[in-house]
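Here's a structure for you.
Chain IDs A, B, C and D follow the sequence of writing; residue 1 opens each chain.
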Amino acid sequence: MIRMLPVFNLLVLLATAVLIPVFSKRVFTKIKQISTVAMIFATVSSVISLAYVVQIEGYSIVFGGYTSAIGIELTIDAFSALFAVFISALAFLIIVYSFADITHEIDEDQYGSYYTLVFILLFAMMGMTYTNDLFNMYVFMEILSLTSCAIISIKRKKANYLAALRYLVLNTIGSLSVLMGIALIYMVSGHLNMGQISLIIRDIWQLYPGNIVVALGFILTGLSIKAAVFPLHVWLPDAHSNAPTPSSALLSSIVVKVYVIATIKLLFKVVGADIVTSLQIPPVITIVAALGMIMGSIFAIGQKDIKRMLAYSSVAQIGYIFLGIGLMSEQGLSAALFHVISHGFMKSALFLSAGAIIYYKNRRNIKLFDGLGYQMPVTMIIFSFAALGMVGIPGFSGFMSKFYLLVAILEAGVPFYLGVILVSSYLNAVYYLPIIISAFLKEDKEGVRTMKVEKLPKSMLVPLIIIGVVIVSIGFYPQLIMQFIELAVATLIN
Amino acid sequence: MDDLIVKTITRLIVPFIQLYGIYIVLHGHLSPGGGFSGGAILGASMILFTLSFGLEEAKKKVPHRISMLVETGGILWYIGVGMIGFISVGVLWGNKIAGFDLGEPGRLLSAGMIPLLTLAIGAKVASTMITLFHTVIEEDE
Amino acid sequence: MELLTSILDHINYIGAAALFVIGLYTVLTHSNLLKRIIGINIMETSIFLFFVSIGYVSQGQSPIIQLSETTAIYVNPVPSALILTGIVVAVSITAYALSLIIKLYKAYDTLDYFEIMEKSQEVSSND
Amino acid sequence: MSKLLTILVLAGLFVILVGSILRMPSLGSIDNPSYNETTTYYLEHAVEETGSLNVIAAIITDYRAFDTLGETTVLFTSIAAVISVLKSKSKGGH
């Protein structure tokens, strides 16, 4: 029974999404109850399945009782179970936060469709993490791109429609190039199941090298459009800054990461590290990642609007992750996976606290943050935890991911990227530290010196505090997560 | 668009189009077509009806509540058929394994769960097309 | 001469590649939003053509099994089954994109992408 | 100017595509790699395992039923998305 928990996880998320419009006519609390129950089930079941996988063994489920080459297969191993826990836990916190925050962002009659879209988004993300079938991954990718545009355009404002349409156009081009890549791989392998393809990838590589090269080119371009890798990130700032806060938190801390997971699956599970290295792809990835780290931070410096600044800093942090992947080593991959999780928590802390500031003080311009630390101490403390983590100050999860990345770089013997990380961390400091300084050291107009807890609804403060605790605890005891990541990396590079 | 000729012709044609659509959906597992194409034909018949008789008339025929229930019902029905396989054998969406009677190939009521799923898909595609069309038209007024 | 036969051997794929490039050209150069959506549909059709022509077998029948003949050659059913899903995805993306365009037209009463960008710049600079 | 640049880039992409296509398995031959044991399994076992003559219907509703569940979810999402965008504030009078 426990073996089938991930599938129930998916079906419960989908059933909740489908049932919400039926209830949405009634009062909002009914939707809140259903969503909380569904999210509790999703998080608990993913934790149980992770524990099962770690203690006993990874396994795979094929629908319809067929063999893996015939039916669709879901693999539940350390890699997919770990990220299922990451997605459901973080999404649970963001959804609890959104119960109060959403009332300020969208109209009364839209609550039902908002939570329907969020739950379908979660269904698609969990599906993409578990699936071991190329076309099934494409179907979930389409659902993901449709719902992530829909949760942006749900806010009835001109800028949102424009941002959603640009995002949709670029996202569809990304999905189409991924589908073209899948078609090319299917043309020469005849299989859609990742396991089957990886078995015969070597002699395909001998017979039709051209196919693999063009297929990888299409898939990597498509996935980097969707993961907002530097040169193809143009849609991200508008999309993430106009969206309602819970949506932009979901988008930049989880949705972007799911495409990173898909890239890792494709590069390591389907094609295999040796063919990818023989194709000279890793140097390209690392150069593009380094470019993204620098340029993303430079763009972020010039921003006045807090959300737009956080969006640009996401582009830079994606660069860190792809740098880890590009090193093609076990150490590099575990650094990338660690940063996926640590950045997920840090970025959601930043976005949720920015949302709390907009909710409470209705201020988006960074210049007006003076003395905010006294009026909103809890929010600003969590904000500075995450911001210091982003800069890489020891004691927060950001430092640990940079540390693992440095170790991987030294091991890979490419010291040039040490400089890139230092420059990028310095640039991060240039745009994060002034906010903390102005919030705590400068005084606002009334010169309020006494620190009193702000009157934010509890359902917004509790998730913030939990995320803050997680950031600090990963910072001090990275082994909490690193043990799972090492298992996950072992399944990828065996 | 309340031209008499168009209305009478539509009143004549629409039932036959819908009959043809239902035929395609029901024969999904025997002849080409199936859930998607049959549902599209059914959807097209209702769009023709909306075009010729106007939105209010069509709204009475396919009110928002009904189409919402078909949307939700379609997915729950699909998951339910999957769960039958799980309850009996522990395998989701199993057909022969889950004890569905396959019947004799070539007959209408054969192939176990396939007609059940094709019906769900056909209803869903039809109601999606109709609701999309009505939502877009409603917006223009 | 050998090149010619090789082109004829891959005529469907080359056609699909040409459609893909035409679609991409339409999306990149046209500023009218509707034309962009049309460009995306052209790209989608090209990839469906590419995917289905992978499964084509020259003397193959459509994969409806005739119980009478057992030696018939059938076309590869897998790509056509997958493309059914692709077509429905293309329909829903186009429907959603068109509904966004309706709202954008109501807000900016122009379909030209650059005019919308200018208007949104003016609006965001003074609010 | 930028139009010319786009044309050049896309023409280059097209040439690369055609170049690599010419080395790919040819069209329509029974023994190209995509017509492998999985496809023949579907063609031979569809009737007796699923009872349906139409092998494509067997694939989308039986062998790969999870894909079509994703498909119906896409349909449901497109409705939810379009309604969330187009439904005006006042709950339509008629």
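The rule is short, and it goes like this: a residue touches a chain if its C-beta (ideal position, glycine included) is under 8 Å from a C-beta of that chain, and two chains touch if they have at least 3 such contacts.
Note that this is a predicted model, so its numbers are computed, not measured.
Of the two chain pairs shown, B-D and B-C, the one joined by more C-beta contacts is B-D. Relative to chain C, the most remote chain by averaged C-alpha coordinates is A.
In terms of their C-alpha centroids, the spacing between chain B and chain D amounts to 21 Å. In this assembly, the C-alpha centroid of chain B lies 25 Å from the C-alpha centroid of chain C.
The geometric centre of chain A is 28 Å away from that of chain C, both derived from CA atoms.
Computed from the mean C-alpha positions, the centre of chain A lies at a distance of 37 Å from the centre of chain B.
In chain C, the positions touching at least two other chains are 20, 24, 54, 64-65, 67, 78-79, 82, 84-85, 88-89, 92-93, 95-96, 99-100, 102-103. Residue positions 14, 18, 21, 63-64, 135, 139, 142, 146, 149-150, 153, 161, 186-187 of chain A each touch two or more of the other chains. Multi-chain contact residues of chain D (touching two or more other chains) are listed as 17, 24, 34-35, 38-39, 42, 47, 53-54, 56, 60, 62, 64-71, 73-78, 81-83, 85-87. Against chain D, in their complex, chain C makes its touches with residues 3, 6-7, 9-14, 17-18, 20-21, 24-25, 28-29, 53-58, 60, 63-65, 67, 73-74, 76-82, 84-85, 88-89, 91-93, 95-96, 99-100, 102-103. Of all the residues in chain D, the ones that touch chain C in their complex are 3, 6-7, 10-11, 13-14, 17-18, 21-22, 24, 26-30, 34-35, 38-39, 42-43, 46-47, 53-56, 59-60, 64, 67-68, 70-71, 74-75, 77-78, 81-82, 85-86. For chain D in complex with chain B, the touching residues are 47, 49-54, 56-58, 60-62, 65-66, 68-69, 71-73, 75-76, 78-79, 82-83, 86-88, 92, 94.
For chain A in complex with chain D, the touching residues are 14, 17-18, 21, 63-64, 66, 69-72, 107, 109-110, 113-114, 116-117, 120, 123-124, 127, 135-136, 139-140, 142-143, 146-147, 149-150, 153-154, 156, 161, 184, 186-191, 204, 207-208, 210-211, 213-214. Residue ranges of chain C in contact with chain A, taken from their complex: 20, 24, 27, 33, 36, 40, 43-44, 47, 50-51, 54, 78-79, 82, 85-86, 89, 92-93, 96-97, 100-101, 103-104, 107-108, 116-117, 120, 123-124.
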